[in-house]
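Handing you a structure now.
Chain lettering (A, B, C and D) follows the sequence in which the chains are written, and residue indices restart at 1 in each chain.
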Amino acid sequence: MQEMMKKRALQLLQDGTVERVLAWKTGEFSYDITPAVFESAEEIEKDFVYDAFCAANLSKYLVALSKKEGKTLAFLKPCDSYSFQQLMKEHRVDRDNVYIIGIACDGKADADKIKDSGIKGIKNIADNGDKLVVETIYSESTELDKKDFLAERCLNCKSRKVVIYDEMIGENGEVLDSNRFDMVEKIEAMTSEERFEFWQNELSRCIRCNACRNVCPACTCEKCVFDNDASGIANKAAANSFEENMFHIIRAFHVAGRCTDCGECSRVCPQHIPLHLLNRKFIKDMNEFYGEYQAGEDLETRPPLVNFTMDDVEPSIVNEKGGKE
Amino acid sequence: MQIEKKEFKPTIVAFCCNWCSYAGADLAGTNRLNYPADVKIIRVPCSCRVNPMFILRAFQRGADGVILCGCHPGDCHYTTGNYYARRRMTLLFSMLDFLGIERGRTRVEWVSAAEGAKFAQTMNEFVETIISLGENKRLEDLRCKK
Amino acid sequence: MENKQQLTEQILRMSGVNARKCMRCGKCTATCPSFDEMEYHPHQFVYMVEKGDIEPLMKSESLYTCLTCFACVERCPRNVEPAKLVEAVRLAVIREQGANHLKPQDLPELWDEDLPQQAIVSAFRKYSK
Amino acid sequence: MQKIGVFVCWCGSNIAGTVDVHAVAETLKKEPGVVFSTDYQYMCSEAGQNLIKDSIKEYGLTGVVICSCSPRMHENTFRKAAQSVGLNPYMVEVANIREQCSWIHKDMATATEKAVILGRAAIAKVHLNAPLTAGESPVVKRALVIGGGIAGIQTALDIAEAGFEVDIVEKSPTIGGKMAQIDKTFPTLDCAACILTPKMVEAAQQEKIKIYSYSEVDEVKGFVGNFSVKIRRKARYVNEDICTGCGVCTEKCPQKKVPNEFNLGMDNRRAIYIPFAQAVPKVATIDPNYCTMLKTGKCGVCSKVCTAKAIDYTQKDEFVEAQYGAIVVATGFNPISLEKYDEFAYSQSPDVVTSLEYERLMNAAGPTSGTLLRPSDLTHPKTIVFVQCVGSRCDGGDKGKPYCSKVCCMYTAKHAMLTREKYPDTDVYVFYIDVRTPGKNFDEFYRRAVEDYGVHYIKGMVGKVVPQDGKLKVQASDLLSNEQLHIDADMVVLAAAIEPDKTARPLATMLTASMDTNDFFTEAHPKLRPVESPTAGVFLSGMCQGPKDIPETVSQASAAAAKVIGLLAKDKLTCNPCVAHSDEQLCNGCSSCEKVCPYGAITYQDKEFRMPNRTVAVRRVASVNPAVCQGCGACTVACPSGAMDLNGFSNRQIMAEVDAICK
């Protein structure tokens, strides 16, 4: 896969179709991979990486890159392609300036899960198809089944379909039936008190590093309301539980109907707060109340929050359908 | 030592659209229909003007309940405003419920300009609900407490 | 009275029909090929279900003169689907039939030493309401 | 910091009876920014207003809070008072301490406490108020009427009568619309042509009216007071200005087999035609779908016989661009297609006709020259069955229209009555679900049909119609006698539901006027603004808004005209200054606001922005047209970045009120 992608990237860069390539390169560790823009063949030859740890959603970078002179080649995974198409829908990216190669994806691995399994001193993790080969500083080498170490969002993958691309590498997948709302349902089944406790426990860990916001492809505001002194709700570090709640409720609300459920927020959260559950709660509600809707799936359908029908459910539905009292 | 038990006087913010519900509240007044003074009304042009931010802000600053009143669906002065408000509030309330905030603290009611009695009755009911729920503890900001 | 209401609800649930949608235009009856054979005609059928008069319908031969041709379902401007009501009442009759077949007081007469107890239990399940 | 004056009104004892007004004034005096605070018996009285005016001058107030009755009552009074002494009227806020305080509370202490809080909220808001100036936009003193039926004609005539120019755009070659096809009108039974054609002529002769017949609206831009409309004048291959309407060409044209739409295809016309004798404009039109010359280049008979030399086979569609201050939609209706209702055998037998076809069969200018003959064999029908509610009052979706078409009961009574009158030997049956006759002299009319003319009204519906041996076997129910009837009829007349014209939907999109699910235009308010569309400057006339009969259509047409005249009489429109505005620095151009705007007031532009690193970036940003925005605020919440805000009800103002109340 990596070689095919590399070859194609070099071709497109050399024949002048694109000016730059948006992909991934290795960060501090082999399993810590970071998005990268390559502008020359040398850079690609040197650093281009694609493996089970290329989890970052690249679509958001295209907001800026697609405004640059010349085309950008972007490798988009199914998740990224939904985000990209949603950004197109909001006129945030210039489609004509992006050459998209869709890449088939069968899930990304979660390095934290490997660490949590008790392997210490990881030096390198190699992606061997279905297997992950972990080398440690104790010069041990362990072979792991990749499927046992998939990220949560990949275990509940909603779609393996790249929805927008100029060409594909690998076979494009299908929209899947996922169990992604199971956890939301589990929380709904708690009592109101328990839910409150649950979220207090989660959100109180928030250090307001803004990683969730900065990585989110739906959060592409020129200036976030929380950074804008004139908005009246500008706020840096949360001073108390109210402000923790406030930030995450408003953030989830602002991306409601626009969130493609790519799961980046939870992936990057250094405090491991399951932020995607807030987004999924909105998605689940919108699906139930207003019909199935998947942000980024197409360019035409109106997002639920800027749409209505005359016989929509009343807000009192929460009393019947909400979580346990 | 005896601790004096203070009677709980809730703070309730009612957002009312200018065309229907605010006029309905006026009618309740004209007809001298009583409801608790705990309810304070804020006039907005349309229910769709109410940003979820305002509701959270009210809780932060010490409100114990927030109610939004607008024209009946289909009667909006701006034709479609309350339809959007309905969706926004449905989702917001569901989210607050999901986060474990007592669901009785928020409410939407459609009150027309002719429904003075309904306005008063709604407010009476709502205040009763809030009193039974007690003080807003889960969404409070202690810095803003008296 | 309660029984009557229960029965009506059961019929409505089984058929999935909302009898209140009927606007009494009579197109079902106008279109019915078995009209002449019927005691209660399709529009009456809908009306009686709506009122809760299920008993007379259950006793009526009309139930079996309906050909289930679905012309009424096809033509009804309000999607009331009378034929589905007829079918539901038929089912209700079938379900009630068991009640007449086996009563506890009949048992001593039918008693047989070799009859396993389980058979009696299942017979009750099968033949009584 | 604002310098705020607080004025607490007693309203006689209305407020002062339960609120300690003096205490309120004293307490509010301590609020930040308040430089003057007082109470007075009647603030709205002249003396009260003078008190406000004098204080504004004396203390140099920049903001005023009046604690009094509902702002819905006297906000304007106080704003005007402030304006008269040079304070921007939008610096005045009213705290409602009567309807929402003194009148609903009995306990003085409670009411006073609440009045203070309401006053504080108003003060908090005024702190953030900014002077607002209502914009003005010029009004083009010309109206456009889309549709030239009776609704459009009446509206145009009324507007022209008031001295304003009006253009009518009509898609068919003549104005007149459906009413021209109708034989007689209920409940008076006067001839439709006799009352319509003089109006058509009047419209043609009225100097202020310009008729664009055989034309369609292609594009609409602009907003109230200043719409820019592109009109497509379809090529009729006849020079309208030269043609005398002599009609020789329409007799000589060799292409004789063209279904005549005026008679609903029940007879034929030529490829060059004048729709009917009283057509306005009375000029010929060539039907390009049938003309041999246009299709094959061989013929040219009409050109040869035309003494005026009006025929021009090379004509092309032309475009006219014009400016209008107001647009009236009068696009009318059509009977629905009856394909779905095969049980009535409409497509199987020519003797099953729609009511509009029946109308033509009764009409002297119709295919049978006014003698009632059944289409299949041209014999006199002896038994006629009328079926009501065909496709009306259905469950929606596939079954048909959910609404009542409103006119069918009455025209069927008319048809039945006229038939019995002219041909007393004919048996007439009307199958009905309900007979709906609200209207002046309507029920009397229906009773006459039953009592004086012996029309058989039967409560029940027709189930099926089967053409057999030259008869139509009608199977129907009689619900009152619980019978199934079998009638051998000679003709069956179906009262087909009506639906808005198909051109209405794309037009609504162009106008950003909203429509209901049945494609009827929606009104700005169903009760109080029934002839205006929610889009400012767009008005509704006739059936395009909902089913209605001729008298109702004409009343609505005149009402729409009155609204248009009221608009055009103004030189400038004062806009509501409490409108949304977008902060371009914050706007992402995501289009969420545009999607929720009911008025189409938001547009996008690519704008250049200087970036901190001295580069220039181009960004798509929203801008609000203040002349079109009505200030609902839907966009402000749809906007995730907070770029969109509302004048007079800004995020910060509302939050300041919230803070003051919850403190």
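Just so we're on the same page, a contact is a pair of C-beta atoms (placed from the backbone, for glycine too) under 8 Å apart; a residue touches a chain by one contact, two chains touch by 3 or more.
Quantities reported herein were computed from a predicted structural model and do not represent experimental measurements.
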Query raised in the report: Does A-D or A-B have more contacting C-beta pairs?
Result: A-B
Requested in this report: Averaging only over C-alpha atoms, locate the centres of subunit C and subunit D and give their separation in whole Å.
Outcome: 50
Requested in this report: Could you please state the distance in Å, as a whole number, between where the Cα atoms of subunit A are centred and where those of subunit B are centred?
Outcome: 36
Query raised in the report: Residues of subunit C touching 2+ other chains?
Result: none
Report task. Any chance you could list the residues of subunit B touching two or more other chains? Result -> 52-53, 57, 80, 84, 88
Requested in this report: Quick one: which residues in subunit A touch 2 or more of the other chains?
Outcome: 225, 233, 305-307, 310
Requested in this report: Return all touching chain pairs.
Outcome: A-B, A-D, B-D, C-D
Report summary line: subunit B partner, complex, touching residues on subunit A are 184, 187-188, 192-200, 225, 233, 239-240, 242-243, 245-246, 249-250, 252-253, 256, 278, 281-282, 285-286, 289-290, 304-310, 312-319, 321-323, 325
Query raised in the report: How about subunit B: which of its residues touch subunit A in the complex?
Result: 52-53, 56-57, 59-60, 73-74, 80, 83-84, 86-103, 106-108, 138-143
Report summary line: Within the complex, subunit C is touched by subunit D residues 343, 389, 393-395, 397, 399-400, 433, 459-464, 475-479, 482, 484
Report summary line: Contacts from subunit D onto subunit B in the complex sit at residues 70-72, 96, 98-101, 103-106, 110-111, 113-114, 117-118, 121, 514, 522, 524-526, 534, 578, 596, 598, 630-634, 636-638, 646, 649, 651, 654-655, 657-659, 661-663
**Report entry** Contacting residues of subunit C [partner subunit D, same complex]
**Finding:** 21, 23-32, 35-36, 41, 43-44, 71, 75-79
